[in-house]
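First chain A sits with chain B, and in the next complex the same chain sits with chain C.
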Partner chain A sequence: MKSDRSLVGWLAAPAVFYLTIVYALPLTWLLARSMMGPEGFSLVLFEEFLGDPFSWRVIGNTLRIAGMVTILCLLIGYPVAFALARARGVVQVVLLAAIILPLSIGVVVKAFAWQIVLRRDGVVSQFLVGIGVWSEPQRLLFTEIGLVVGAANVFLPFMILPIYSVVKLIDPRLMEAGATLGVSPVSRFFRILFPLTLPGIVSGLAFVFSLAVSMFVIPSLLIGDRFQTLATLTGRSFLLMRNEALGSVTATVLLVLAVAIVLISSLLARRVGRFA
Partner chain B sequence: MTGLERLVQICVWVIAAAAVIFLLTPLVVTIAVSFGNSAVFSLPPPEWSLRWYERLANTRGLWPSILTSLQIAGLSTLISLMLGTLCAIAIVRGTFPGREAITTFLVSPLMLPGLVVGIAMLQGFRLVGLREAWMSLLIAHVVITMPYVVRTVLAALNLFDFTLLDAARMLGCSPVQAVRRVLVPALGPAFLTSGMFAFLASMDNYPVSIFFTDAWTKTLPIQMLQYVEERPDPTIAAISAGLILLAVIVMIIGDRLVGLRRLADF
Partner chain C sequence: MIEPFLEVRNARKNFGPTTVLDGVTLGVTRGEFVSLLGPSGCGKTTLLRIIAGLTGADVGDVRLDEQDITTLPPHKRDVGVVFQNYALFPHLSVMENIAFGLKGRVAKDEATRIAARFLDLVHMRDFAERSVRALSGGQQQRVAVARALAVAPKLLLLDEPFSALDRKLRETMQIELKRLLRELGTTAIFVTHDQDEALVMSDRIAVMNQGRIEQLDTPQTLYHAPATSFALQFVGLSTRISGQVIGHQDGNLILIETRHGVVCAPGNFARGSQVIIGIRPERISFGMLDGQNSIAPQLTDIVFQGARVQVHFASAEDEPIILESSARLPTNLASGEAVSISWAPEDTLVFPRDVSA
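This part shows the complex of A and B:
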């Protein structure tokens, strides 16, 4: 039996071998290439990139849009996670379906739909004119607001589900105990409920922010080429500009950002986990 | 219940209702446009018609791209199911060090920007001289589908009681029979849900596929994006409506098999 248990480990070999060759080595090569000058190791590509004010505008665009998308998702997603945890019967099915169904539909489909929705004669414009917020129809497509709304729509489930997964574990009696002890509703929320949901918030923030930083199709379709983010610039430099040196550098910056988000969020998760 | 609490509760439900509308807006709009007769996406459509669906038959490049997508998604899911399941068994049953690290490694393609993974693989494939689009797509999509399989099968294996295999052996099964009659049925639901999500992830993938398509071999999302850029008309909405229908079917199957609430587990 003992030899069985040590031999079973080899079953991992095909998958690990496959991903090492096809995925890990190319990623390492990409990192290495971005740090290679004409003669050996050099960071000249990065110096060039970071010395260009245009790059900083691109980095600024990326972080600003991702930040706004994340905040919008949190504002909508936090209450929805509570509603989902409290809902029963038909209401719960409707909520779950509305969250899970969009998850299994491709981003090209959804970005195309938002192109239609955000047009000057689209439903958003019609609605806002109808209720008197706007005096005349306006185009939201190809604006930053349009991009943020469309992206938040695509990523919202990734905020709701992690928060829901912690909210559904919270014992409702905790709040009752707080009430019995005479704690006011507001401080009951901030001292009991909110700290318990922090792990969910952290993982939701990390999911949405990293997805929003690296989104590519959504900005291409909803805001166009005038507005560049790190991901669209990376894609363009490989697919259109054939400038692979620039592409390798922006891809590396994106990769570093993504890894940083994972590391920071797991650190934060550990801290709030202890706190709760 | 105080007035404040009631107010907060009403707010929560209002926001939840608004969120449902917000989440379903792109799907409803797409379907509405696909059944309208207006070429300029007027909503509500002046008249209902099936003209965009009739066009699907003659849309250049559509059916080959659907076929390519189905082939790539089906095959890559199958390969991932085999490699991923073997690996999950090794991680749960093995005693070697670094099992945690291997799990993270196999799930990591899901956490890194798809575009970066795509570019890295593009350069890697070029380096070894692989330029054939279909083969490149398949090899790359195994990496995309693997995380879904590993994550779900691993979770299912952690709940599986391996002494059942010993019991089967004692009752006279050969090792192969024991695995086939006891382990495989127990993992059935995990295979189905992870297979479904892996399949959908491959069907919908854009940021990796974009680097491996050529003029003849395109996956559906890439072909659709080309239509959107070249001549946006409601034919795209009709294709999208088909994909939405596919997702609805998959979700209903998922609900029957494991329940919607389990699908929402994160």
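This part shows the complex of A and C:
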């Protein structure tokens, strides 16, 4: 056992070394920078930031967009994960490829593609006018809806795959057993499938939310500078405004929010799915 | 005529080009325990799933308790199922599993009371709050039975529920289940490929082969008077020898020429018919007796089984001739020697032989 443990240590060593250099040290610097006042440690930067109504609008934007993207991904991804898990043969291969291959296309490319799709003369606008939903072409680009739809497209695989991996392990006979016990299809879903897929849902939510809350390129291209999130504000602070103080504060706030939400949701899920 | 409690009429099912059920008709009386016995792929599980409503039949209907349930979805049928792998809900405790079907059907106190009663009936009271994942196979099986019975289904279906258990435990569970079902007066259909299990547990057994029921009878009738050579072969040991009818004798007896000699048997076959004769091993004894069928095949093996001894003889067929005896064997037996054995004509079962096969 002892040799096993030391082996574990050595196996993890490269990752620990790498992450220390490129991740932990800069992060520590960032956190330290946000708590640095004129005379040593101080939370004055946070006070200033949180005292500004603009900051709260940015925090609101960040959480709202990330929340909507996550929920949209869940609504679309949950049934797809079932389809993927229950499909067989060629259908499954094609589905899996359709979900995984887009990951190999860069985010920038995808965002530009969405720019074209969401334009006033883009496909969506033309389609909605064509079927009579809109009376005249409208621009979805540089709107919140456009941003949410585009971001959901990019992050969808991160919702589907964890749910799929859980659904795949669920014995289809559990639903049949529920049926033979006289339980209706809707109740069966909420009493059997939903609790059993909860671990997958939580992973998916955590993945997509942490990606969406910190996305930078997609909002830059799909909604522009007039709409700021914590991530875009952080980027602007460091890259454009050269304001390290503001950047380190927004980055820290973002980090705290994301970690808190992911942790709380995991804890909640653990309580619901007691034996799962 | 009284309508059977459960009636399946002319059920047919194809999966693609494969015919799984080829017109099955089955009637089960209230309180009866009927087994569907057959090799894998004979359609027994499909028939079970059609009765439960988990699979739809292409043709045919199902009636339960004077009601046509052919098109009812499974949750409205009042038919409980114990699945082969038990299909317990892994996210729920033992108690919650048993109470699963009661929730929303009876008041909460009542559900708890009923679940507790079934927990007792299957001797699982001490495990109420455990996760079902922490249970052994036998315990899981008990929970699955309790869960299915707790909602008081009109009919209980069991799909090879003992196949994952070791032999000793299986025998205990068989007796336990039989007793429980008798106490509750539950009508049950039991799917198995294990003939011993079927013989021990059933009031009647339906022997299935290639999507059809070949015979539906009591275990005794099935064993002593199998209707087809398949039923003979599948239930209990038997020796089978092929032959041809060469003549008739008084008292409805026919003479059959086999590669071991001419054999006399009761039956109604025309001269020249190709037949298979079957003899149960315990009906064969040593020695040559007047008025009996006697042959003298070569002894190949003596298999000691404790209470009984099996003696194998070389046969012209694929399988050996088997004699089974609980008496002391003659002392001068040696393998390789021809030994006289005999059996009564009335113990000779005769079936038509499909020559083309």
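The rule we apply is simple: the second predicted complex is superposed on the first by the 246 of 276 C-alpha atoms of A that agree within 3 Å, B and C clash if a C-alpha of one lies under 4 Å from a C-alpha of the other, contacts with A are read in each partner's own complex, and residues count from 1 in each chain.
Basically, a contact is a pair of C-beta atoms (placed from the backbone, for glycine too) under 8 Å apart; a residue touches a chain by one contact, two chains touch by 3 or more.
None of the values given here were measured: they were computed from a predicted structure.
Once the two complexes are overlaid on the shared chain, A:Arg236 sits clear of chain B and of chain C alike.
By the touch criterion defined above, A:Gln115 reaches chain B but does not reach chain C. Look at A:Ser165: by the touch rule set out above, it reaches chain B but stays clear of chain C.
Contacts of A:Pro185 after superposition on the shared chain: both chain B and chain C are touched. In the superposition on chain A, A:Leu174 makes contact with chain C only, not with chain B. In the overlay built on the shared chain, the residue A:Ala97 is in contact with chain B alone; chain C does not reach it. With both complexes placed on chain A, chain A has more residues touched by B than by the other of chain B and chain C. With the contact threshold set out at the top, residues 185 of chain A are in contact with chain B in one structure and with chain C in the other. By the touch criterion given at the top, residues 52-54, 73-81, 83, 85, 87-93, 100-101, 103-105, 131-133, 147-148, 151, 153, 157 of chain C touch chain A in their complex. Contact residues of chain B toward chain A in the complex are 2, 4-5, 8, 11-13, 15-16, 18-20, 22-27, 29-30, 33, 41-43, 83-84, 86-87, 89-91, 93-96, 102, 105-106, 109, 111-117, 119-125, 127, 139-140, 142-143, 146, 150, 197, 200, 203-204, 206-207, 210-211, 221, 224-225, 228, 232, 236-237, 240, 243-244, 247-248, 250-251, 260-261, 263-266.
For chain A in complex with chain C, the touching residues are 171, 173-174, 176-185, 187-188, 191-192, 195-196, 273-276. The residues of chain A lying in touch with chain B in their complex are 5-6, 8-16, 18-19, 22-27, 29-30, 33, 76-77, 79-80, 82-84, 87, 93-102, 104-110, 112-117, 119, 121-123, 126, 153, 156-157, 160-162, 164-165, 185-186, 203, 210, 213-214, 216-217, 221, 231, 234-235, 238-239, 244, 247-248, 251, 254-255, 258-259, 262.
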